[in-house]
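What follows is a pair of complexes built around chain A, which joins chain B in one and chain C in the other.
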Partner chain A sequence: MDLETAKERAGPREFSPADDLPEEYRKAATRMIEFHANSEIMGAYLERPFIRQAPSIDRKLAFSAKVQDEIGHGQLLYRAAESLGVKTREEMLDDLANGDGKFLNCFHYPMESWVETPMIAFFVDGAAMRRQATLRRTSWEPYAHAMDKVCFEEGFHVKHGEDILAELMSGSKKEQQLTQEAFEEWWPRIIQFFGPTDDKSTHHDFAASVGLKQQSNDQLRNAFLDQYIPKARKYGLEIPDEPRIRERDDGTYEVEEDDLDWDEFFTIAKNDYEPGLDQINGRKAAQEAVQWVRDTIEGDASAAGGHAPQAAD
Partner chain B sequence: MAASLENPDELDERERTALKTLLKRLADDEFVLAERYTEWQVRAPSLESDLALANNAQDELGHARLWYDVLGDVGLEERDLVYERDPGDFRHSTLVELPFEEGDWADAVLRSYLYDVAEDLRLEALVDSTHPKIADRVGKIRSEEEYHLEHAQNWLERLADGGEGRERLQDALDRLFPYAFTLFEPCAPPRGANEASGDEPRAVDPDVEDDIVDLGLRDATLEEMGEEWLSIVVPYLESLDLELPVDGRADDGADEFEFEVTEAMLPEERGRDGTHTDAWFDLYDEFTHTYRELERTETTRIMDKPE
Partner chain C sequence: MIWEVFRQEKTGQYHTHCGNVHASDREMAKQFAAIQHGRRKPTNSLWVVPREEIGEIDSEDVAFGGTTDKSYRWATAYNTTGRDASEVVESEDEQATAERQRGDD
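Here is the complex of A and B:
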């Protein structure tokens, strides 16, 4: 299939591994899904210490289950990416370890305290939900299919995050204050989650033209702000003065781009942000430490715990 | 069979102490092991093994939750049992508190195996417990533990097959085996029970262990379970070409196993008597960190109390 035909046919769940797709499509889809899969892994990496630090057994169980779900999402997504025939899962995981794999800006920042957990589990996951819900209509069918399960489980994660936020914001003065401080620190990063405004986004046009991406950065950011500004206020959080956000007459929001640190954002996008590098390298060290296990079981991939390269679905 | 110990209000001091001692060793083992297992989340050799071990961690945590909940009948809440408890009052075996060296997957699977065999025997001895809540909860727990044992054996067999895997298993076995014996060590009574003083480590009170069996809370002694454990793990590990530091055989080559644990075979810290390794105190600080930092006074329940 040539690119023009792909663009004409592009629609929800239109393409599967049975289609002979142009290289441009397969590469763009791989880049997008790999980014998504990597983000699941690095998000899980960031949250894992809070399984231990959770202040009750029930919270601990919920956190462990959430981290496990995210690894499961990574597994599904790598599979959806692999089925494009561009890169294997091993290559993607190795690239992630080596600092070549890209992932969400928010997961480059360290997370040090329990009061920060809802910033990821409620706001970032809530933002991700917006995007993921639209991806159930993406043109690469295995990706859309993976989104069905991911969205279902993410719904629970956002509730878990919201519950932690509600608890903190109805707790002691100290808890409320620490949570507000964490919110102020994370809020600009959360706004940047959606990337630069449409006129500055590099990959959007092509991804939209072949039906991979369903909504633009601006549309998604608007939908998120529309839903989450009232929620943040409901729990007693004050929206920081910056970045300045103006509500337009039509109910959409205009974010003052100059109030956001785009140098930092693009440094992160290149995997050059120092604290984020610690996380990338920490995960790399963990992966290298169990290389001997993978070497030992190589050629023994049929037993539980091993993995053969996935055949195309 | 001894009379049912159903009504917590009718328990005398001896019965209460026996019940608390039994439940604390059950719950603490599961809780602390789960805490260690979660260290492997996002660090296991593959995404698949990551998911599998996370599953086991959550099962063990769920079991700890079930056992701690039974202690609610004698007035102990989660905060008393976990978040505000003196770390020296925990009664888990030191096998479960040892940290994992980064990447030491051989330790993880061997430790699971040694523990899960013991756990299986212990649960079997609780099926007919005179405490109805204990007997009721054993069924659900056993069905999950069975899978854990399979998982551990599956991995052991694969690692034992290759050069480096076998070497690492042998190292782990030499290190862990003495700690595994502490699974069958008697407990010191809980703080405040009987004549126990506040001195630490507190003297082990073998009467409590006898009471647990005499009252029918559990129908096998620690020694009986230890013997059976040896008769399972020794031949199995030998079949993987691993050398046992001690095999417990009654006579050379005999199939009879005696559980005679001498002082020399045991590690210095045994857990059951309130002595713990330094790693335990670090672990305790980490899992109580948020609770202390936020000056919490109670723990959050998000699921219904178990039935």
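Here is the complex of A and C:
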């Protein structure tokens, strides 16, 4: 199939591994799905320490279930990416370990305290879910099928994250204050989750023209703000003064893009952001620590024989 | 030789199991599947798989999920306030349906 035909045919779940697709399509789809898969994995690693730090048994159970889900999402997505025939899962995982694999801006920032958890589990999962819901209509069928299962599970993540936020914001004055501070720190990053404005986005036009992407960065960001600003306010969070957000006459919102730190964003996008390197190297160390498990499963027992078994953490 | 047949009704949907056919090889299996399973019901694509290539594990071999209380895993377990995003509502509905179906047996 040539590119023109692919563009003409492009529709929800239109293309499957049975189709002979142009290289441009397969490469763009691989880049997009690999980024998504990497983000699931890096998000899981960011949240994993909070299984131990959870303040109650209920939170611990829910957090470990959520982290398990995210690793599963990564696995589903590597399969969907691999089925394009451009890159193998091993190559993608190795790229992620050696710092070449790209992933979401939010997962490059260290997360230290429990009050930060709803920033990821409510707001970032909420933002991700908004985007993922639209991707159930992407043109690469294996990707759309992965989104069916991911969206089924994500509702729990968002509601659980919201429940933590509600608990913190009805706790002591101190808790409320710390949560507000965490919110102020994370808010600009959360808004940047959706990437640069449409006119600065390099990959959007092509991905949209072949049906891979269903909505533009701006559409997604605005839909997110419409839903989540009222939620944040409801729990007593104050929206920071910057970035400036204008409320339009019809009740929707618009962000002053120049108030956001795009230098930092693009440094992160290149995996050059210093504080984020710990995230990348931490996962690399975990991957290496359990190499003996993979060797054993693959039947190369001699390779594992020389090492004392280690755990990933 | 027995071949299991999976039918997809429309582009983008899942291939679901719909029966099986006798055939001596893959080509014949595809022909028979098309005749037996692709004629009455709307069909976009069929898969044929040799039965002996299918691995099975059932509820006698292993306890599948859903037998212990893991309510913390369900969106429905969390009572939050305010209107939820439509995709969150949709996920919660799908989960509630799955939960009801588990309760049926």
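A few remarks follow.
Everything below uses one rule, namely that the second predicted complex is superposed on the first by the 293 of 313 C-alpha atoms of A that agree within 3 Å, B and C clash if a C-alpha of one lies under 4 Å from a C-alpha of the other, contacts with A are read in each partner's own complex, and residues count from 1 in each chain.
Keep this in mind: a residue touches a chain if its C-beta (ideal position, glycine included) is under 8 Å from a C-beta of that chain, and two chains touch if they have at least 3 such contacts.
Just so it is clear, the model here is predicted, and its values are computed rather than measured.
After superposition onto chain A, partners chain B and chain C are found to sit side by side with no clash. By the touch criterion stated above, A:130 is placed in contact with chain C alone, chain B being left untouched.
In the superposition on chain A, contact of A:1 is made with neither chain B nor chain C.
In the superposition on chain A, A:227 makes contact with chain C only, not with chain B. Between chain B and chain C, more residues of chain A are touched by B.
Vertex at chain A: the C-alpha centres of chain B and chain C lie 70° apart in angle, rounded to steps of 10. In the superposition on chain A, A:172 contacts chain B only, with no contact to chain C. Looking at the shared chain after the overlay, A:289 reaches chain B, while chain C stays out of its contact range.
In the overlay built on the shared chain, the residue A:13 is in contact with chain C alone; chain B does not reach it. In the superposition on chain A, contact is made by A:151 with chain C only, not with chain B. No C-alpha atom of chain B lies closer than 6 Å to one of chain C in the superposed arrangement. Contacts of chain A with chain B, set against its contacts with chain C after fitting on chain A, overlap at residues 58, 61-62, 65, 163. Per the touch definition, chain A reaches chain B in the complex via residues 41, 44-45, 48, 51-62, 64-65, 67-68, 71-72, 74-75, 78, 113-115, 163, 167, 171-172, 174-175, 178, 283, 285-290, 292-297, 300, 303-307.
Those residues of chain A that touch chain C in the shared complex are 12-14, 16, 18, 58, 61-62, 65, 126, 129-130, 132-133, 141, 144-145, 151-156, 158-160, 162-163, 166, 227-228, 230-231, 234.
Contacts from chain B toward chain A in the complex involve residues 31, 35, 38, 41-52, 54-55, 57-58, 61-62, 64-65, 68, 78, 82-83, 102-103, 105, 151, 154-155, 158-159, 161-162, 164-165, 168, 286-287, 289-291, 293-296, 299-303. Note for the complex: chain C touches chain A at residues 11-14, 45, 70, 72-75, 77-88, 90-92, 94-95, 98.
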